[in-house]
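Chain lettering (A, B, C and D) follows the sequence in which the chains are written, and residue indices restart at 1 in each chain.
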Amino acid sequence: MALVQKAQKAKEQAYCPYSKFRVGAAVLAIYSTVFLTGCNVENTSYPLGLCAEMTAISKAVSEGYISFKAIAIASDLEDCFISPCGACRQFMREFGSQWDVYMSKSDGSYKLMTVEELLPCSFGPDDLRKGKNPVGNSKL
Amino acid sequence: MALVQKAQKAKEQAYCPYSKFRVGAAVLAIYSTVFLTGCNVENTSYPLGLCAEMTAISKAVSEGYISFKAIAIASDLEDCFISPCGACRQFMREFGSQWDVYMSKSDGSYKLMTVEELLPCSFGPDDLRKGKNPVGNSKL
Amino acid sequence: MALVQKAQKAKEQAYCPYSKFRVGAAVLAIYSTVFLTGCNVENTSYPLGLCAEMTAISKAVSEGYISFKAIAIASDLEDCFISPCGACRQFMREFGSQWDVYMSKSDGSYKLMTVEELLPCSFGPDDLRKGKNPVGNSKL
Amino acid sequence: MALVQKAQKAKEQAYCPYSKFRVGAAVLAIYSTVFLTGCNVENTSYPLGLCAEMTAISKAVSEGYISFKAIAIASDLEDCFISPCGACRQFMREFGSQWDVYMSKSDGSYKLMTVEELLPCSFGPDDLRKGKNPVGNSKL
């Protein structure tokens, strides 16, 4: 599958000296034929690293896309369909919950789920709006 | 329910001048009767903020707990059971997937799901170990 | 020094199976004699981990403190005064820039700098307020 | 200045419905004439947002660059040279501390500092290696 192959190719650029765990991702926007790709970019201070999915989606947003059809994820795991971490699922969900996530094994086979299925009962843009407290925290 | 009430109480300490969205959380460790609580702690640079669930769980870890029975989450939303964001689900999942998440409304009613149900097909500690690439990225 | 000793003690609770790099922190609020402590809490998905300083400060906020006098940081490094990562400096700066950061070696000796010195020309709460664009992004 | 202009242009793609604070960044790799750009990409769950600098640098890494000459940052602020948050300084520092950061005002004027000057006494790749505890945390 083309999207998975793009994710596999993107994996080669992974900067992961700490985890040694290479991940690639490729995203396809709606009404587009352009594949935007990303890899994980780790940091000495681990919490500052970025996942491949975040890199790919933020790249797409920075190039003007905000509606997506599908994303594919690839790692070196032979026996496991690599799934997005919870943070990436939330990052995806910002741009809708009805799009496709192709989780692949290293041989290119894949499993398909929607963002909604991966993040049920999600907290999204609409929920935040409803919850605004007009008073807020005025301690500072 | 006691755990939800602790989360509601914890919400009062929320530091959320940016979102004005107050959240509280309370966690209960296995073999313990101590409730550890947290609130959201926001930052001018939004990505640096912490969710209430992260605050509560990291507090618990810093006090020696790493096995949990349940967590409750509370917000000011009247009509919505506040659910954890994807990042918090992953943060919880580090410490097991078979524990309970009580998502509450402001009146104290709640909905119960396990971490597993909130983060299906999750990527956890075991998966990382399997995927280590002995070569890694040696570009730097 | 008492604050450094508290940070060293807090380090023992570090949950760091990935980096094997244990860090502890202790914070002292203004008008308070209570030391609040934290440790690093890592995650399989590295970007979701928390640093010791974040854990300690968020714990303090969740217990009602938002003005701080000093924080101490401790690691197992013998030859290096452990300094906070950039994210932690920003996390500290949210609560003022004129407070003290004690960076210690494993023998308890330390080096002292202010948040301001560690994060010169910082971007803080006031800057965000000035920059609000009334129109925002209305693409979604 | 060309790099600042690229950052200003990149700002137009900012996805910032929550902060309404648009930021753009442009990075120039060593031995390259290609400018890689990014914008902030926010999230309903604020901690999951990405800064413009992170987007630009991760995009560059995903395209094979890991040594940088300079980065420029642009916002809508008229009276303030927009400076990177602490997390972005750490993200930059992963790829060296002797490169240039152009912090600009909305009229294109700028202030120049190095990563080192913005993040003194930083914690970088070498420090982590020194601090590895062979035992680690074996609680789980």
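We take it that a contact is a pair of C-beta atoms (placed from the backbone, for glycine too) under 8 Å apart; a residue touches a chain by one contact, two chains touch by 3 or more.
Owing to the predicted nature of the structure, the values given are computational and were not obtained by experimental measurement.
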Name whichever of A-C and B-C has more C-beta pairs touching across its two chains. B-C
Would you mind pulling out the distance in Å between where the CA atoms of subunit A average out and where those of subunit C do? 28
Whole-Å gap between the CA centroids of subunit B and subunit C: 20
Note: subunit D residues in touch with at least two other chains are 15, 17-19, 42, 44-45, 48, 50, 54, 66, 85-88, 90-91, 123, 125, 127-128, 139-140
Think of each chain as a node with edges to the chains it touches; is that a line, ring, star, complete or other? complete
Show me the residue ranges of subunit B that touch subunit A in the complex, using the header's touch definition. 14-17, 19-22, 75-77, 79-91, 93, 103, 111, 113, 117-123, 127-128, 130-140
Residue ranges of subunit C in contact with subunit A within the complex: 18-19, 42, 44-51, 54, 66, 85-88, 125, 139-140
Given the complex with subunit B, which residues does subunit C contribute to the contact? 10, 13, 15, 17-18, 37-39, 41-45, 48, 50, 54-59, 61-64, 66, 87, 90-91, 94, 123-125, 127-128
